Amino acid sequence: MPAEPSVPESDKRVVILNPHPRKISEIFTDEDLERLHQMARVVWAKDEPIPPEELASVREQAYAVIMARWHNFSIAEFPALRAILEVSGRHPSPSLLDYETCFARGIRVLSCAPAFGPMVAEMALGMALAASRQIVAGHVGFLDGSERYLHEGNLDTFTLYDKPVGLIGFGGLARALRPLLAPFRCSIQVYDPWVAPTYLRDQGVMPLSLEELLVTSRVIFVLAIPSVENKSLLDRELLKLIRADAVLVLMSRAHVVDFDALTEMLYAGRFRAAIDVFPEEPLPPDHPIRHAPGVVLSAHRAGSVGPELRRIGHLVVNDLEAMLAGLPPLEMQGAQPEIVRRLP
Amino acid sequence: MPAEPSVPESDKRVVILNPHPRKISEIFTDEDLERLHQMARVVWAKDEPIPPEELASVREQAYAVIMARWHNFSIAEFPALRAILEVSGRHPSPSLLDYETCFARGIRVLSCAPAFGPMVAEMALGMALAASRQIVAGHVGFLDGSERYLHEGNLDTFTLYDKPVGLIGFGGLARALRPLLAPFRCSIQVYDPWVAPTYLRDQGVMPLSLEELLVTSRVIFVLAIPSVENKSLLDRELLKLIRADAVLVLMSRAHVVDFDALTEMLYAGRFRAAIDVFPEEPLPPDHPIRHAPGVVLSAHRAGSVGPELRRIGHLVVNDLEAMLAGLPPLEMQGAQPEIVRRLP
Amino acid sequence: MPAEPSVPESDKRVVILNPHPRKISEIFTDEDLERLHQMARVVWAKDEPIPPEELASVREQAYAVIMARWHNFSIAEFPALRAILEVSGRHPSPSLLDYETCFARGIRVLSCAPAFGPMVAEMALGMALAASRQIVAGHVGFLDGSERYLHEGNLDTFTLYDKPVGLIGFGGLARALRPLLAPFRCSIQVYDPWVAPTYLRDQGVMPLSLEELLVTSRVIFVLAIPSVENKSLLDRELLKLIRADAVLVLMSRAHVVDFDALTEMLYAGRFRAAIDVFPEEPLPPDHPIRHAPGVVLSAHRAGSVGPELRRIGHLVVNDLEAMLAGLPPLEMQGAQPEIVRRLP
Amino acid sequence: MPAEPSVPESDKRVVILNPHPRKISEIFTDEDLERLHQMARVVWAKDEPIPPEELASVREQAYAVIMARWHNFSIAEFPALRAILEVSGRHPSPSLLDYETCFARGIRVLSCAPAFGPMVAEMALGMALAASRQIVAGHVGFLDGSERYLHEGNLDTFTLYDKPVGLIGFGGLARALRPLLAPFRCSIQVYDPWVAPTYLRDQGVMPLSLEELLVTSRVIFVLAIPSVENKSLLDRELLKLIRADAVLVLMSRAHVVDFDALTEMLYAGRFRAAIDVFPEEPLPPDHPIRHAPGVVLSAHRAGSVGPELRRIGHLVVNDLEAMLAGLPPLEMQGAQPEIVRRLP
């Protein structure tokens, strides 16, 4: 089924490989890169951005473009295009890519987001446990000799077993997180305005309003991708609803939270939090959240584990292989009209 | 099937409840305590240790004793005894309890160890992730502004997915940990000299020599209970076998590790570790491991989460209920002759 | 998120409900039908086929059509159409529906096939066990007193535990069957020319050539939907490769097997089979397969369990609800260009 | 850890291997038999019963006896005995074996019952599906051309998905059956007077009275081993409680059911049944249940699948290996005082 290795070079489809600012060796194993070269005529394939003149010379034949960022190129200038495969982790903004034309022409716009699901889900669980079991705070105590043993060190800890857990956003991250939570028998409650409640019930989770979710959940995972609709979704009033014994785990984007309000509430000891993403990165050296009580901080590290990034290239090559064999791509995330029009 | 509530008090069996140094409210919910009083004539039931004269007055009628420590009482002085239910987490030492007489008389010696499995397993996973994903080190970086973002912060991290994981000890903790590891698809390799290799294979894990396990595992969980055989089992020579990219997670007892060698090797950057138990607790203020690189420290906090401790009383009352109804106890861990004779 | 009940009737979208030859009460619960009427202006909604003049009067406004068969209507005559939701179980033939126009216009063509997965998978497992454990043959023995007890009745039986199982086709049926096989720890080997081998490996199954699959599998499930490519795929030569101790379970369509060759081989005692679908239904009264040894026959009954058929309507209403709220449909199976062009 | 192969023959423990009426090759693989000979001095080891004089000559040295039936030997005549390993599937009757002395002397009385769990559970599921999906009745229809297609053939069928399932008996068979039922998401309700309700709840099943279980369950699995207490437990009055749309699956022993009442009720069409065990085997040729409507009959074939019986020898050798290494046996089922005294 894969493109035969014996296909003459001249008969191979043209694939532009322009992953900048990602590096090729960062996202492809040697084996997957070799497979890619076997199945297609790979153009550019360098870590620097493709120069405009280089692009101009191949775009008419390009069957697929593998890229991290779509620079507002006109789709009309790619008459043979069948697939755009992005390697950054998000579908391009509709302000840069003309999705309507892509859909009308049957061009697949594929995101590598699924490659990130497992490693981000693992980090979300690890950060949740670091906060709920006070693993970080407990360790820091050892640095100045203030650690407290046994029950004295567990006055505010709790286990995940049988606890209600809230997921804000039920996309790929949620799907990767659910199996990790399953052995803890948590009841999963979900807020996601992009998914019908009946579907959520069919998936074995409980659809809730955002208010109800915040009031009842013991751990709240913020997994929603940024959209034009969810800027500062978790504002001060909503943050106030969170239980005093809860942990807020912010994984997707700081975009969806009023970060100043969150910082203040952590200082007030209102609840605990684990945070991987910030409104500004690097975080300013004097940002007060650095020393907020009850917080676990991570420097946007959930989705950047070296060896796992090669999963991106694996999905790209697998889906190109399928398409070149006349089959649908099954691994990357295809753009959905209803969703991409809501992207910022 | 449970003892009828209407049993006259005088017909009820005598159960001595003497959990000191545990407190009754720490290990029993009100509901389970009420069930206990319904099914038996409960004697003492105070947080202080039972005075010798008090004990002397009831021991001849005692059907069961619920206690944290067995003080070298003579079993012969308890002619009606059918069960010893311990609430500390370990079977009594054979130097204090005459197990042979218990076995010959059919007295059940039951340990509440199963109550600890889930919470310790969760902590083991949390500490493993805190080390493998550098959640603790990453957070500490924020305190002085040295945090590194994205790939720069992930130079030494790895995920658990599909990694070989070694378990030293395949008792109750290992059984509680396995479901938490299952979604990561780790291959599980086990060293446990108390369990036959054929049995391990039947359980879907790979029996290995300790040397092989140390050489190959990416995460090594030390879960073995202390025995007369395993003092400093992980000595300097064995610790040298651990991979440079591995994490050693010490959960059960410091007894099984040469702690000085471990500390030195962490300073030498040989591997990483997460440690919940220490040779001396509290750890001396100047112990070098407090500042060892690549370590996550926890003050013996894995098995002391408040609400979870009520699980102990639940198991005790359930098993007493079963025994009083003429049924075998199914929840606590019965003493096995081959094992208890190896306990220190 | 769902369409508000208070939407005035005149503002609601028009949905043509024409499920003939299915009956409305067969595929919708009262509750789902009520939801449908709440969210849309439902036209026709009778068990008889919609008359042409009736259709002509509403097709210009139709937002969606719910139907069992697409009668070669011109898509151009449905200018407002956004969705075709079929309730028979298969996407319409490309000879009857102009998919290219649908794709270009962004019209979703949705199949209710996922509603059938669980009940067909259960029947596939039940029929496999009926053959492997000789449940049918064992019962028939009782009718004339020839039953054989204990080992004598188990000379040719086997269990599924740890056996290699082959799946021909890795679509929705295979996905519904996998969890049912999981507790038997079968190794799953797959032949599906529509799915890339790398994807199959990522799903934890082993891609094999059809020949290898037939030679090695102990149970072979034929789950492939009919296509222009797979007519009599399992021909006499391939059937000869099947192990003598294997069971062939034919669930999807007789189309994919040389049925005469299969019948002969069963008479020759070459292997055993369980068959739910036939080249001609009803099967001719004198068809020899009725009395073939080692066969379990079922009259196309895997996908027609009454209460389960209401799942069709549930998926239809859920996906319409999502689309009317501006969200992507998540429950039914969307047409893929690469696949529909291969349909007969 | 296993007994070293180099142990001189004279130092090996004596194990009497007397499995009659089972045959050695029926229950041991060559490999396991070889392991047994390596680790012990195996005496007798023939398929015929050991002659009394032969037994008399070795019983004083016997460390273990592997046997199918215990013939009322006096335990006192086996002064070195440490283990009785039975290979029939049930612990010996307390009328034949002096359990009290075994317990007092620490002699393990081990049953191979766990070897049967998986194959019996598979058959129980297969027979349940054969009845619920009418796989047997549907096949029989083909024999005389009366088969009915599609919905017409599914007027009385149902799937297991999400249905309430009742288990009468929560021992090893129930534990082997639960994982097979798990993917069907059945709610599991249990009646077992030998297990405390609190324990059942902890196991995630719902303890019910027998009456409630019969009234509510859609499939009822009878899995209880015979005891002095449960003769004809399911009498006519209780059988009347079963739902008209339910299937009764009788797997363990006919002992627990009023078989005449059951036969009558099947003729009256009160419910359906699948039956593997009979009050008299072979069943009399004129027994009316042979032609009862809605029944699936199997000739005590659930636990006699040839290759699976070697699991018995595997467990026996594994547990002997463990015991000879000074470790507790983990695979076979140890006799519990509270249970064995209830055996018939």
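Note that the chains are named A, B, C and D in the order they appear, and that numbering of residues resets to 1 at the start of each chain.
Note that in this section contacts are C-beta pairs under 8 Å (C-beta built on N, C-alpha and C of every residue); 3 or more make two chains touch, one makes a residue touch a chain.
Because the structure is a prediction, the values reported are computed rather than measured.
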{"item": "Third chains touching both chain D and chain A", "value": "B, C"}
{"item": "Fitting chain A to chain B on CA atoms, where both chains share a sequence, rotation angle to nearest 5 degrees", "value": "180"}
{"item": "Interface residue identity across copies chain C, chain D - same or different by half", "value": "same"}
{"item": "Centre distance in Å when chain C and chain D are each reduced to the mean of their C-alpha atoms", "value": "37"}
{"item": "Distance from the mean Cα position of chain D to that of chain B, given in whole angstrom", "value": "34"}
{"item": "Of all residues in chain D, the ones touching two or more other chains", "value": "none"}
{"item": "Touching pairs - complete list by chain label", "value": "A-B, A-C, B-D, C-D"}
{"item": "Interface residues, chain B side, partner chain A - complex", "value": "26, 118-119, 122-123, 125-127, 129-130, 133-136, 138-143, 145, 147-151, 153-155, 157-161, 179-180, 182-184, 281-283, 285, 290-291, 296-301, 304-308"}
{"item": "Chain A - residues contacting chain C, complex", "value": "1-2, 103-106, 193-199, 202, 314, 317-318, 321-323, 325-328, 330-331, 336-339"}
